[in-house]
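Both of the next two complexes hold chain A, though its partner changes from chain B to chain C.
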Partner chain A sequence: MNMLNPILARLNKMPRAALITIGLFVALGTFAPWLAPQDPSTQNLLEAGLGPSAAHWLGTDHLGRDTFSRLIIAANTSLVSVGSVLGIAMTIGILLGTIAGYHRGWVDDVLMRVVDVGLSVPSLIISLAVIGIVGPGYWTMVLALALAWWPMSGRISRAVAVSIMSKPHIEALRVLGASPWRIYFCHLLPGTIGSVMVYATADAGTAALAVATLSFLGLGIQPPTPEWGQMLVDALPYLESDPRQVLLPGLALTAAVIGFNTLGESIALNRVPKPLTRRMLAARRAEVASWSKENSDA
Partner chain B sequence: MTNSPVLKVENLQTRFKSVQRGKFIHAVDDVSIELYPGEIVGLVGESGCGKSTLGRTIVGLEKASAGRVLLDGVDLSTLSGAALRKSRRALQYVFQDPYSCLNDRQTVGEAIDEALLIDGRSSQDERDRRTKELLDQVGLANAVKDRHTRELSGGQRQRVAIARSLAVNPRVLICDEPVSALDLSIRAQVMNLFLRLQKDLGVACLFIAHDLALVRQAASRVYVMYLGKIVEQGPSQELYDHPSHPYSQMLLASVPEVDPRVEKLRNGPLLVGEVPSPTNPPSGCRFRTRCPLAVESCSRKMPAAHGLSFGHSAACLFAPELHEGRRSALH
Partner chain C sequence: MIHFISKRLKHSLVLLFLASLVCFTLVVSAPGNVAVLIAELRGAVATPGYVEQVAEEIGLNKPLLMRYVDWLGDAVRGDFGISYRTGQDVSADLANRMLVTGILIAGSAAIATLISLALGFLGAFWPYKLPDRASRGLALLGASTPTFFVGALMIYAFSVTFQLLPSFGFAGPQSWILPWLTVAVLPAAVLSRVVRVGLEEAMASPFVLTAKSKGLGRTTILFREALPNITPLFINALGTQVGLMTATAIIVEPLFAWQGVGDYFLAGVRFRDFMVVQACLLIFLTFFIVVNLIVDLAVLLTDPRIRRQWS
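Entry: the complex of A and B
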C-alpha cells in the first residue's frame, strides 16, 4: 500500500472528471469482451431502431444490435488502435529523435529533413494515401496513422534529446569515461521517453479522433467490428428520425477526446513546480539539515 | 615536486568556428602547463579569457585543434575508444554548477554507484561499501544515498559531485570554479573539505577561479591567463607579492579590500575596458590594447616569457623592471 501512495498522491492532483472518463475508457476497453452484456454483432431486425428498454439498456441500432454492447466493444477497438498507433509512432519517433539529438551533425540534418517532409504534409492526407495504396483494413489503418504520426514525436524527442545532451551531467559522465551505450541507454533514452510520454497523452485524443475519422470514411475499421466512427456513419441516415443512434457514439468519442486532452494538459502543468507554503519549507529545511553530519568540515 | 609532472599540457590550442565565415575564436592559444603530483595549481583570469575552455579541453570535453595532453607521460591523443576513456578517467572535472552536473532522475547512491560501475567494479557489495566510504569522506550521512539529487542543497550537491569524481580514483582533478555557485558560508565549508580531501588523497589539482583570494589560499603555484594565453606563472606567494606582468598587476589591484581604510589606500592601475574579441586578437602582445605601458614594439610580436626567479616567469618586455617594483621608471 505504501508503494501506491506516491502514485495516488499524483493522481489526486489531476482533474477528477478527466481521470474518471479516461479510467472508464481504459477499463472498458481492456475488459470489453467480458463486460459487454450481449454479442455486439447479433442482429435482430424485429427489434431494429428501438429505444432504451430492459433488454437493451441503450436501445438497438438499425440492424437490431445492442447499442450498449457495441459502445463497449468499440472502446476496446479504439483503445487498441490508438495504443498501437501511438506505440509504433513513439517508438520510431523517439528512436530517430534521440539518435539525431545524440549524434548531431549530418545525421541530425538528414533525419530532421525527413521529419520536416513528414510534418509538411497533413497527417490525415498521408494516412489516406497509404490506405489508398494498400487498401483499407485494421492494420493498414494503424500503420498509416503511425506513419503520419511519428514525425511529430521525432521532432519533440530530438529537441528533448538535444537539451539533455547539452546538460553538464552528460558531460560529467563523459569525463567519468562512460561508454556511448551507457550514455544513450541509461541517461538519454529514459529522460527523453519521460518527457515525450507527456505529449503522448495529449496526442491520444487526436489519435482516437483520427481513427474514428478514417472509420467514418470507411477506410479504417471495417464492419462488423464496432467502432465509434463507424457507428456514427451507420446511424447517419436515421439522424432525423432517431438522433439517439448518432448521439451515443458521438458522446462517447467526445468524452474520450476531451478526457485525453484535459489529462495531457494537467500532466504538463503538474510538471511546473508549485510555490511552497511556509510550513512545507520549514519541514524541508529540517530534513535537509539532518543529512549533513555535524561539524564534518571542521 | 622533484618528480615528473602527472599532467603536462604542451602547446594546447582550442579554437571554435566563429559565426563569421572562415574565422575562428582562439579560446586557448598555445598554452603549456604542468601539474606535479599532489599540488594545487591555480588558474586565474577574467571572464572569457579561456580558463574554462582550457580545463574542458584537457579532460576532452572540447576538441583540441593542436597540441598535446600528456598524462603520466602518455599522450592522450594517441589513444582512442575504450582505452582513451580508461586513461582519461584519471583526469576528473568538478563542475561549477552543482545543480546541473547531477542527473535529477538519479539518487545520490545511484550517481556514485554508476561512477564506480563505469570504473569497472562489478561487485555490488564492494560498490555499496565504497559509496558509503565516499559519502563519509565528503561529510554526508549514508542515509542521503537514497535521496534524489534534486532534493539536496547546492553545497550538498557539490559534495556529491566531488564524491563522484573521487569514485574513480583520479590522479588529477580539474576544478572549474567549484565553489563560486555556492553561498559564502557554504563556500568555506566545501572549500575546506576539498582542501582536506586533496591533501589526504594526494590528488593533483588545477583550480580554475576568478576569486584571487581563494586561489592564493589554496594554490601553491598560479598561472595567469589572458585572452587564451598564459601571461604569467609562478609560485603563488611570489606571484601575489611581485606580480610582474601588467595584467597580473592590474588584476590583483582590482580586488577590493574589506577594510574601508585600506580600501581608500588601494591604488595602482585599474583594469578598464573589456577583453578584446578572441576572433580577432591584437597582434603581438595580446594585452597591449589595455596596457598602460604598451610601446610600439609590443604590437610586433608576442613577448617571450622572461624568467624572473625560480619558477616565476612573465611574458612582458618590462617584466624584469616590474618584478623589481620599478614601475615608475618605465614612464
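Entry: the complex of A and C
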C-alpha cells in the first residue's frame, strides 16, 4: 500500500471532476461489451426515432438502433483508437526525442527542425494529407494521426532526455566505462518514458477529438461501428425531427474532452511532475523506513 | 530594420521551398501506380496500352528531378495541373474557392478578436471574481467542444428552433454569420486566455505602479497602459489561430455547404485526387508561411523593444 501513497497524493491535487469523467470514460470504454444493454447494430425500423422509454433508455436512432448501447460502445471504439494512436506516436516520439537528446549536434538540429514544422502545421491537415495519399481505412487513420502527433512527444522527450544527460550520474557512468547502450537503455529511456506518459494522458483529449473529427468527415471509423463523431454525422440529416441523436454523442464527446483538458491544464500548472524514477525512489525509501520500524516493534 | 525584414523574407523563401518539396514528395511516394488509378478514374478499362498513354501524358516517365522542376515551375506561375477526377483546371477551381475561404477566415478572425478581448478584459477587470471565473469556464467549454458539434448546435439553435438564419449556403452576409461564429469559437476561447494572462502580467509591471501612483483609474490603466503592451503578444497568438482556422474550415465548409478550399481539399482526399490534394496542401502551407511573415512584421511595428533591437 505504501507504494501507492505518493500516487494517491498526486491524484488528490488534481481536479476531482476531471478525474471522475476520465475514469468513467476509461471504465465505459474498457467494459463496454459487457455494459451495453443491447446489441448496438441491431436495426428495428419499426422502432426508429423513438424517445426515451424503459426498453431504450435514450431512445433509438433513425434505423431503430438503441442509442444508449451505441454511446457506450462508441466509448470503447474511441478508447481503443486513441490508445493505439498515442501508443504509436509516443513510441516514435520517445525514440527520436531520446536519440536527439543523447546525440545532440546535427542529429538534434535536424530532428528538432522537423518537429517544429510538424507542430506548426495543424494535425488535421497532416492526417488528411496522409489519408488522401494512402486511401481511407481504420489503420490509415491511426497511422495518419500518429504521424501528426509524434512531434509533441518528440519535443517533450528530447527536453527530458537533455536534462537527464546533463546529470552527474550519467557522467559517473561514463567514467566507470558504461557502454552507450547501457546508458541509453538503462538510464535515459526509463527516465524519459515516465515523464512523457504524463503529458500523453493530457493529450488524449485532443486525440479523441481528432478521431471523432475524422469519423465525422467520413474518413475515420466507418459505419456500422459506433463512434461519437460518426453517430453525429449519421443523425445530422434528421436534426429537425430528432435532435437528441445529434446532441447526445456531441455531449458525450465534449464531456470526455473537457475532462482531459482540465487534467492537462492542472498538469501544466503543476509544472513537470517529478520523474517516475525519483517518485519510486521516494516510495522505496518510505518502505524501507517502515521495515526498520516493524523490526524495532518486534 | 531593413536587415530584419530581408532576413525574415529569406527565411520565408527557404520555408516555401521546403513546403513545395514536401508536397511533391508526398504525392510521389503514394503507393500504387498513379497512371492505373487515373485511367480507372476516367472510367476506362486500364489496359496496359492505355495506362502507358496516361503515364506519358502526365509526364510520369520523366526522371524525378525533371518532374519536380516542371511541377514547381507550373505552380509558381499559378498552374496546378488538371484534376484527375473531373478533368478540370485545378487553378480555376481554386481561384473561386479561395475567396470563399478568405471571407470565412477574415470574418471569424474579427469575431474571435472581439470576443476574446471582451472576455479577457472582463477577467482582468475583476480578477478571480465571478466574471473572471465565468470567462474562464467559457474558455474551457469553447476550447473543448468539437467544432462540428458547435456547428450542429448553431444550426439547431439559430435555424431550426428560432429560424433566424439560413442553415447552409453561401448567399449574402446573412448566411455568413453561422459559419463565422462556428469557426470563431475555438480561437476566441484560446485567445481570451492569452488576453487575460497577458493583462495580469502587464498589470504587475512597474509602469502600472507608476500609473497607479499618478492616480489613474483602473479602466484607464487597463486600456492605455496594459492594452498596448499585450498587442504584440496578442498578434502572435492570433496568427497561430488564423493558421489553425484552415483546419477548422475543412470541417465547417462541408457542414454549411460552402464551396471553399477546405471543402475542395476534403473532396480531393476522399477521391484520392492527388493534384487537388497537392495544390490545396501547397496553398495551406503557403498561407501559414505568409501569415507568420505578416505576424512577425506586425510585431516589429507594434513592439518598440524589438524595433530598437534591430535598428
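As a working rule, the second predicted complex is superposed on the first by the 250 of 298 C-alpha atoms of A that agree within 3 Å, B and C clash if a C-alpha of one lies under 4 Å from a C-alpha of the other, contacts with A are read in each partner's own complex, and residues count from 1 in each chain.
In this text, a contact is a pair of C-beta atoms (placed from the backbone, for glycine too) under 8 Å apart; a residue touches a chain by one contact, two chains touch by 3 or more.
Being a predicted model, the structure only gives us computed values, none of them experimental.
Novice: Mind working out whether A:V211 is in touch with chain B, chain C, both or neither, as first, second, both or neither?
Specialist: After superposing on A, A:V211 lies clear of both chain B and chain C.
Novice: Quick one: classify A:L145 as touching chain B (first), chain C (second), both or neither.
Specialist: neither
Novice: Once chain A of both complexes is superposed, is A:G229 in touch with chain B (first), chain C (second), both, or neither?
Specialist: The second partner, chain C, only.
Novice: Looking at chain A, does chain B or chain C touch a larger number of its residues?
Specialist: C
Novice: Determine, under the contact definition given at the top, whether A:A36 touches first (chain B), second (chain C), both, or neither.
Specialist: Touch partners of A:A36: none, neither chain B nor chain C.
Novice: Quick check on the superposed pair: does A:G135 touch chain B, chain C, both, or neither? Answer first, second, both or neither.
Specialist: Only chain C is touched by A:G135; chain B is not.
Novice: Looking at A:L79, would you say it contacts chain B, chain C, both, or neither? Reply first, second, both or neither.
Specialist: A:L79: touches no partner chain.
Novice: Look at A:I267 in the shared chain and tell me whether it touches chain B only, chain C only, both, or neither; answer first, second, both or neither.
Specialist: Neither partner.
Novice: Take the contacts of chain A with chain B and those with chain C, and give the residues found in both.
Specialist: Looking at chain A, the two contact sets are disjoint.
Novice: Across the complex, what residues on chain C touch chain A?
Specialist: 18, 26-27, 29-31, 140-141, 143-149, 152-153, 155-156, 160, 243-244, 246-247, 250-251, 254, 265-266, 268-270, 272, 274, 277, 281, 284-285, 288, 292
Novice: So in the complex, which bits of chain A are touching chain B?
Specialist: Result: residues 167-169, 171-179, 182, 186-187, 190-191, 194, 288, 290-293, 296-297 of chain A touch chain B.
Novice: Using the touch rule from the top, collect the residues of chain A that touch chain C in their complex.
Specialist: 117, 120-125, 128-129, 131-136, 205, 209, 212-213, 216-219, 229, 232-233, 236, 239-240, 243, 246-247, 250, 253-254, 257-258, 261-262, 265
Novice: Applying the document's contact rule, which stretches of chain B touch chain A when the two form their complex?
Specialist: Going through chain B, the ones touching chain A are 59-61, 82, 85-86, 88-89, 91-93, 95, 97, 100-103, 105, 114-115, 118-119, 139-141, 143-144, 147, 151-153, 156, 161, 164-165, 168, 189-190, 192-193, 196.
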